[in-house]
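Mind having a look at this structure? Questions to follow.
As written, the chain order gives the labels A, B, C and D, with residue 1 at the start of each chain.
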Amino acid sequence: MYDLYAEEILDHYKFPRNKGRMDQPDLIYHDTNPFCGDEVTIMLKVENGRVVDVKWDGRGCTISQAAASMLSEAIKGKPLEELRHWGREEMLDLLGIPLGPVRIKCAMLPLKALKAAAWGITAWPHEEEADTSSPRQKP
Amino acid sequence: MTTTTRTLDPVRIRDDFPILHRQVHGKRLIYLDNTASTQKPRQVINALVQVYEEVYANVHRGIHYLSEAATERYEGARRKVAQFINARSPREVIFVRNTTEGINLVAYAWGMANLRPGDEVLITEMEHHSNIVPWQIICERTGATLRWVPVTPDGYLDLDALERLLTERTRLFAFTAMSNVVGTINPVQELVARAHAVGALVLVDGAQAVPHLPVDVQAWDCDFLAFSGHKMCGPSGIGILYGKRQLLEEMPPFMGGGEMIREVKMTGSRWNEVPHKFEAGTPAIAEAIALGAAVDYLSQLGMEQVAAHERQLVRYAYERLQDIGGLKILGPGPDDRGGVLAFVMESAHPHDIAAILDAEGIAIRAGHHCAQPLHDRYGLVASARASFYIYNTEDEVDALALALHRVNQVFG
Amino acid sequence: MTTTTRTLDPVRIRDDFPILHRQVHGKRLIYLDNTASTQKPRQVINALVQVYEEVYANVHRGIHYLSEAATERYEGARRKVAQFINARSPREVIFVRNTTEGINLVAYAWGMANLRPGDEVLITEMEHHSNIVPWQIICERTGATLRWVPVTPDGYLDLDALERLLTERTRLFAFTAMSNVVGTINPVQELVARAHAVGALVLVDGAQAVPHLPVDVQAWDCDFLAFSGHKMCGPSGIGILYGKRQLLEEMPPFMGGGEMIREVKMTGSRWNEVPHKFEAGTPAIAEAIALGAAVDYLSQLGMEQVAAHERQLVRYAYERLQDIGGLKILGPGPDDRGGVLAFVMESAHPHDIAAILDAEGIAIRAGHHCAQPLHDRYGLVASARASFYIYNTEDEVDALALALHRVNQVFG
Amino acid sequence: MYDLYAEEILDHYKFPRNKGRMDQPDLIYHDTNPFCGDEVTIMLKVENGRVVDVKWDGRGCTISQAAASMLSEAIKGKPLEELRHWGREEMLDLLGIPLGPVRIKCAMLPLKALKAAAWGITAWPHEEEADTSSPRQKP
């Protein structure tokens, strides 16, 4: 479990990349996890179906905030269509550590915000999750 | 007994059940009260001990090792149960205390929200009180009408009457898949289809079916199924309500409290996902995990094999009991029933039968078996009931028959 | 530690708890999540095993040896619990799954029958969701109004506000005897008297009080008391609702089914005696019996001694945690609280605190602890919480303090 | 448990004493146990506060019927005032065997009918029972 606070994650937490606000984003989504109060807003600039700029803002625990920072680096240049299909696996690959049933929700928060933005939606549709212990996000 | 490889070997199975090796009143225990509750194999007892000795903590939301480990096992048990009854998703499996709570959950949560005066709830004369009283209570509260499918003299549902009783006013048809008295196995799939044809939902009381027969909720297409862990080698204190996901999503919650919420504000609350929406407070953690062990145990035996073993035993018992003077078996012939035999004797009151048998180490039930309307229908107040499970043998049936002869001697 | 004869010896007590000897992440386990659920002594685990290996059967109405033996032990556990909280009669003790079900039982059975528009239910801002959500649900159904006693900045109930809020419109005042977050021990006897003075009934949430303090329902004079077995060395899946006999007699039942009836006719049913009227279906048999063993265990230690041990430990911890930079303890000072310490740190989110501690083998909780309104009131979303029980030592508090320093290092 | 069918009990069951109807009883009470269908009616003739004649009628299991028969013999000549205070102990003394939680209710049925008759009541008042597992009789 100490891996949770591996160099890289702490580095992203302490020195977040792409954190801040964006004027006139093409897509924006704000999501929260009411169980721990974590918040993430994702803002995207999009050209020809690709992400050309990312900003994010938020507050919360190391995992949710580091995940947002890492995600913001990873998606630049990626086609929206691809991001729409990212899931738990992609997010865990980025973080590079295993997570228990509670912390996985922290990690998924920025991805959920990103996917909502990428789909251009404002409320989450009915979505299946593998882990029956995790609450679905219906902001 | 036939000896194809997959036939149950009750003698070997008995080794797994510590209690079956004890004596009662100086006689070896012959446990024939399985419809009320079954005994537990050491695999299930060990699962309980292991949880408490190694991975116990409260589940959900804990960020420490034990809580995560307990949560994984608790949710793992849910997956096992889902697979056992072939649910589409573990989210369709709600942990409750017992069959009774499962049915009450539907009565309160679905019934209070959906039943209106003029609506009808249909049950049958062969139901257990647990599938009667909740509907009496909810019908009284909502103004809906309770209707009853009659039972034929030989213990079958009267399907002609059903034809008349199932109408577009029927909002829910609740019936048992197998009677806990006369042993009748009802044609669930057909009954579900007929109810759905008039737009009614179906709740199946699986308290006797799930422990004794292969059950596939997708094949049955029932909307709800309730059953109890303690009747299928699991611990007391745990039961299951299966419900179709869409229905569970639409239903308001039943009990309120921790875990079933997503957000609690002073101005109001929002609910958690299914199945958690219906599991308020700290659940029966160790019990759910041990029920998972019971499901593993039964799956390994094979439910087809379990059913075949009981069919064979009940046929044998049916024959042996025919020989006993003045003894009358209630319900269908030996081919259409599960491993339960209720009977009355001319010479003795059911209480006296049970007491004489107890002195011989044989445990059976005597009474109305929580099915008073069925007994009323037969003009009886009580009956004696012997019921079988995976660990029972033909030897034990012989002992039962011998003891019943003895009853006739004592009271002759 | 002082060493009068009746002081608890946590080191010896630890020998009774198998799980406390395990390691977590290669470190010895330090279990400080006792408010969520406590660990179990082998006396309780053995009681479970013994039931299943020696005397298991369904209770009530069985006329065979095992059923009679199980019934005697099940009812014996009820008597033990009644004595533990000094109830007038075992009939005032209803077995439920947990505190949550106990409160829901009162909300549904008493609330639905007695609450009308214009009536008020009074709760407090420091309640657990289990003592909030049932009242939100029932008030919405009945048209009654839910009112809240505010909490002061230092974690006490605002008794001046209570003066205004308790009126002749108040039908029920429901509050916790001890907060599961800020640890405040409320003046139950005084609160009950004030509520009774305006004619309101009182439900006490005893989930934290009963495991940790001597409780006497006759001295308190509360009308209902709910608590959970799993928080007091008992198994999961069992809880208690105490209610004054007269009230229980007058209340309609909650769930319907087997055992809670006296007679079931197609035209309607009549109810069994209390407490059975409120125990529908097969109860948590082994769990109730093992809870009896937990009550024996705690009684032998002495609840005064349990409380004294925790008071000492929480004072020590309160001091040690003061030293930690940027750490703020929520709630009252060290003298007015039970053995629970919730805190926040400037350097780290509660999740991160819990995760760092977990890596050191230390189990604490992080989150809103099912008390969102209380956290809202303090402008917090979450806190970290360490909580103590009979087996915790000052050594473990030292380890906690050391690990919290480490949190500051990691995030400094 | 075999004692349940001790000579004496079976003898009372097979050859019940004082069974039958009485013309014009001074006191009469009918009680049932709905769980097993046992029924007992007690009829008393009373002079100077003493029972001078007893009849009973009923159907049910050995225990309830033998108990009624034994009771009918035991109470002849006894003052009503004394009978009003008979309880579980007196009944078990008469039967001379220990009984489990279910059968005790069978044994108590005739006594309950007797006590109701002796008190001259027609419905049972609120009555405490030691055994919480036994239903109170409210006919």
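Going forward, a residue touches a chain if its C-beta (ideal position, glycine included) is under 8 Å from a C-beta of that chain, and two chains touch if they have at least 3 such contacts.
Everything numeric here is computed off the predicted structure, so don't read it as measured data.
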item: Chain A to chain D, fewest steps along touching chains; value: 2
item: Distance-maximising chain from chain D - centres being C-alpha averages; value: A
item: Distance from the mean Cα position of chain C to that of chain B, given in whole angstrom; value: 31
item: CA centroid of chain A to CA centroid of chain B, Å; value: 45
item: Whole-Å gap separating chain B and chain D, where each centre is the average of the chain's CA atoms; value: 37
item: Where chain C touches two or more other chains, by residue; value: 25, 61-63, 65, 263, 351, 355, 358, 366-367, 372
item: Residue numbers of chain D (touch at least two other chains); value: 1, 34-35, 102-103
item: For the chain D and chain B complex, residues of the former touching the latter; value: 1-2, 4-5, 10, 34-37, 60-63, 102-103, 106
item: Contact footprint of chain D on chain C as seen in their complex; value: 59-63, 65, 68, 71-72, 75, 78-79, 89-91, 262-263, 272-273, 275-276
item: Chain C residues within the chain B interface of the complex; value: 18-19, 22, 24-25, 29, 31, 33, 36-37, 39-40, 44-45, 48-49, 52-54, 56-58, 61-67, 97-101, 103-104, 107-108, 125, 128-130, 132-137, 148, 228, 230, 235-239, 253, 255-261, 263-266, 268-269, 280-287, 351, 354-355, 357-358, 362-367, 370, 372-373, 376
item: In the complex, chain C residues that touch chain A; value: 25, 348-352, 355-356, 358-359, 366-368, 372, 380-382, 410-411
item: Touch list for chain A against partner chain B, complex; value: 1, 34-35, 100-103, 128, 131-136, 138
